[in-house]
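Chain lettering (A, B, C and D) follows the sequence in which the chains are written, and residue indices restart at 1 in each chain.
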């Protein structure tokens, strides 16, 4: 199919996207969205199955041995939209400010087109809930979404790229995301008698200072890593030394080796800084997402496919996270970026901003990419 | 008067004390207490005046030029009493857990006795509200409580001293109490992109670590000083670097010179640690109480007077604070301690403890001391 | 020319290399080496000029407008050789442990070959002294070595690569190298009276701890940077607080923007940490080498040329430095790596190791690359 | 004896003092001094014994059971005298800049006088070497100097006190002096590859910062303590992370409890800060002198005796050390201070200063005190 043919679907994609945009639903609450998805797929003759509460999986099966999955996420954000558009969010305090409305719309139309094509293999459509910090991907996998799937493709609209440009890179492109909590247990007492206490606020301070050494000294300068403490809280009164201080933070990196190293070093620093100051430290470390790592071969194929319909550039890595990584850990995956920035139209705001918007002219290119790479992978 | 004569007043003192104990009132809410005090003094023929809202000042004037003030504080604490005694607090969540009930009772009876004695000078009775952290003393002074007063005597029951023992020392005995708040203003942002932020949590940590150097390096080891951060709070999520961090703490010392030095050093450290890490630091420093410093001569006289009725010991300094300091900054003052500990009776709990209690056998010694030192100061 | 033709020169390259290897000379002391280079070039009819004391520049001019430079470094290291080979270093405590002997030999033979070829441009041969930490490149440039040169090619034998493999990457490949010195001036005094001093040892400690935040918080996790304090020294006696503490360290990075940021942050931290603790801090920051950045186009051409004679791989960046960067800052430059590791022959030791050696079978590939890329650049 | 009688000895004391002053000898090198002392005592009929190499002990025995010791120290300092006086030091680079010349002279004359008095007890004269940092006192005790002694008196001329004034206080007056050495063993390596090392310089910095918490948090604000790191040294080059860092410092306090606490806390901080940063820390803690603590009763007697001949004041504690503490740990001891400051004569320089001098008019008061307290202790 030529790009011209895909452009004919623009109206439908936009109509779907605007409908989702007006009715944004938070993670695991995508009731309306998933119902529309389900019905749309059924009308195409595609069998569907519910997964992860509000997720929908479509099965376009041709009795072949090869299966390619295409994934879209459906959840919105707890943000009050500030755009003044006819299709503005109807739900106060909720907004599709990350483009998942477009992801769902593009993939539905890709399903329609693919259902009409002759394919030498099966296609699996993953309409996933709860990408924003809730790891809906993991839930989909637990419910069997990847069963029998060979490769998976994901696509994200991207506000930093000019409209219609597609960005693809092999290897790591989004960081792993971990959460940690540190509890320092000291001994409280009167602020005027520090010698009768073990001051957990001083201990926490010393510890945070020392955590900087993980990135500055323990990680190769050629690797990327972040250790951030985002929250600290301890004490109730100016003149009382508290019993405990709690901290929460995040770790980001692209390599499992570095990730393990950081977890180990965090543990050592928490333990020994606490003991040095007469306290006991506890580290609760929770891995959220892995790094999103594109398969080398898929990336190469993706570039070739995309370059037939638009300009293709390298995608720069970011320390942000994406739960597409959960799929790509298990089977070869490719996560590509579709530019939707258009300065002439004033579409310049970053993701998660109340003024985030999408140049809808780009959307047929997303659908086209999904269709074409599927055909390429199944038919060549 | 001999001690035997004072002991005859024990029953009255105890009755008054128990009544106050059953009806504890917090700072500036001493409505019932002050009304009782007022009426008691009026019956003695002592003129009274309201000051500091719920404070009462009694004037026993003999037309002389010399005036000695005796001070008692009247406020209770927001503590739920756990003693099982007939005179247990009737007011839930409030308790005389620092002995101010006894202070008021002892001084009322001292006023009765003094009103019957021939004195070559005037006596001023200061029944002060709100000693516990609200600096009622300052309000009394502002309202004129010290006008025309030459010297002032205060007395505190003390759980660390054996019953009936009186402790007196010249010079500094209780520390100055200051409150400080530090606000670190950085630049917030995503926890995965620390380079786009100025991390106020790291800045606060570095700063708290550095604050230790004030006591360890800037203050003479022969002086006493405390700099405590009792509270720290910053951030709302594990993956967001916040804009601000706030800390609160207290400074204690005995010398105005050291106090000024600490305030200056705090300011320097807050300013420059913040600038070193790209933040702006703000220090809000508030002096609460000065150190309580006993007049040398009064202490000597106090020891002589007390040794006629009981055992006298030296009082050890504490870093705790007392707003009696406000009076003693202006005129010569003496603050003495009356032992009320009695292990046999199970009276062993510290001040501000829900089981704090008083060996009432000691109370006549407090009244006796107040009467005798007043006579000594006016008549000899 | 085919690789077979180049292989005929192997004996000559090896002979030259072994001669240089037996007579290693330290930076700016390359008297014997440079004399041999000079005579060799003169015999080829190539005009020479002395630069940077012991450097030699050869001019193969054809009266054309285009000039390509080829650079070899000539200096050895102050290391005692531990290899047991017939051509072992004759000079005690000196050794060609970084392969500069091979660089010189390969380039001499490349000059011989190029002097016999028909070229549509000029070739400049840069035999540079003092690459090891003395920045001989800068001295060569100051003496005019790059005058009229359009592009420059450098080649380094590399112990981490299998023999004969050539590694080439576009963009930054070796880090910039800076030196810094920090002097903390406090106020000395008796160790028993810290309050009469401003302790520079505590100040330096606090500062080094805070320096970690540059890499951990101020630099993008997607950039590479190192800030190392390698030396600290202060004080003469256990019981005397000294006047001063001195530190020395190094900064490494690939980007001028990051480099400037680090220099600025170092200055801010030194200044404000010192002021926070009553000291004065001084930062003396000296840029040694810039990052070595390969020209994109030259890298592409290099890959093509090399792939005709051997296997070509990507070169991984290192935080080590190389003064070839001085040339490549001014004109487009390409720095390539020639594998010389051969485990079967026991050639496995890293650079600067007393057992470092070279698989001499690889050397004709270096000469071939130098000849072929020159021809490619001048004749196509 | 009246003060007038003592004043007759002034000339002799001054003559002796000036002779010692002209011939200063460092610790354990007091050959000339001890020979003069020995001969002087022998002429008085006082038996002598050598101890601690250059120490001299005189025995004025009356066959009684009670023995009082009087102690003087004899060593000078490695300082070049800058006073322009006829009796200026004859030995370049050596000077009696702490008054030990006067101590020896005063005690010799006291011995003369006491040898002529009728005493109901024995007197032991301790002429001790090496007080300045070498703990000659310990050596004297090891050699038996205190055998059979009941009480000991020491006297120090004092530049901060006006001439002739005697200062005496009960309890602790000079601090204990301890020496510590900390070795941090990390893992060295190239400054560009911190992740392959365990940086001992960062570890030492973090540790020194944390040491501040001992004084600021672990010691009661009512106690006195100093923890000073006076020396730090690590690393040989700006671009190499060293294997080790070494630190040396001192601890001062007045209480054995606090001293033990500090030693323990030092150990904990050294151990755990090292482990937190991947290093191993070693603490070598050496107790030099104990605190000098005056016996309460002796202090009272001393005040009474001194007040008969001069003005007596309280002596302020100092964090400086004195090995007289070694004697006073074992038997009741009293260490008193004799003022020798005289601004009119320009005698204003502190101890250990090249312009330190003594108002010799004060010296007979020292002799008088030594004689009178001995008589008081033996005869009353």
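Note that in this section a residue touches a chain if its C-beta (ideal position, glycine included) is under 8 Å from a C-beta of that chain, and two chains touch if they have at least 3 such contacts.
Since the structure is predicted, the reported quantities are computational estimates derived from the model, not experimental observations.
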item: Distance-maximising chain from chain C - centres being C-alpha averages; value: B
item: Between A-D and B-D, the pair joined by more C-beta contacts; value: A-D
item: Distance between the centres, which are taken as Cα means, of chain D and chain A, whole angstrom; value: 71
item: Whole-Å gap between the CA centroids of chain C and chain D; value: 58
item: Separation of mean Cα positions, chain D and chain B [Å, integer]; value: 42
item: Residues of chain D touching at least two other chains; value: 192-194, 199, 202, 206, 209-210, 212-213, 216-217, 221, 226, 252, 318-319
item: Chain B partner contacts - residues on chain D that touch it in the complex; value: 209-217, 221-222, 224-227, 252, 316-319
item: Residues of chain D touching chain C in the complex; value: 175, 177, 179-181, 190-194, 199, 201-202, 204-209, 212, 226, 228-242, 245, 248-250, 252, 318-321
item: Parts of chain B lying in touch with chain C, wherever the complex brings them together; value: 192-195, 197, 199, 202, 206, 209-210, 213, 216-221, 268-269, 271-273, 275-278
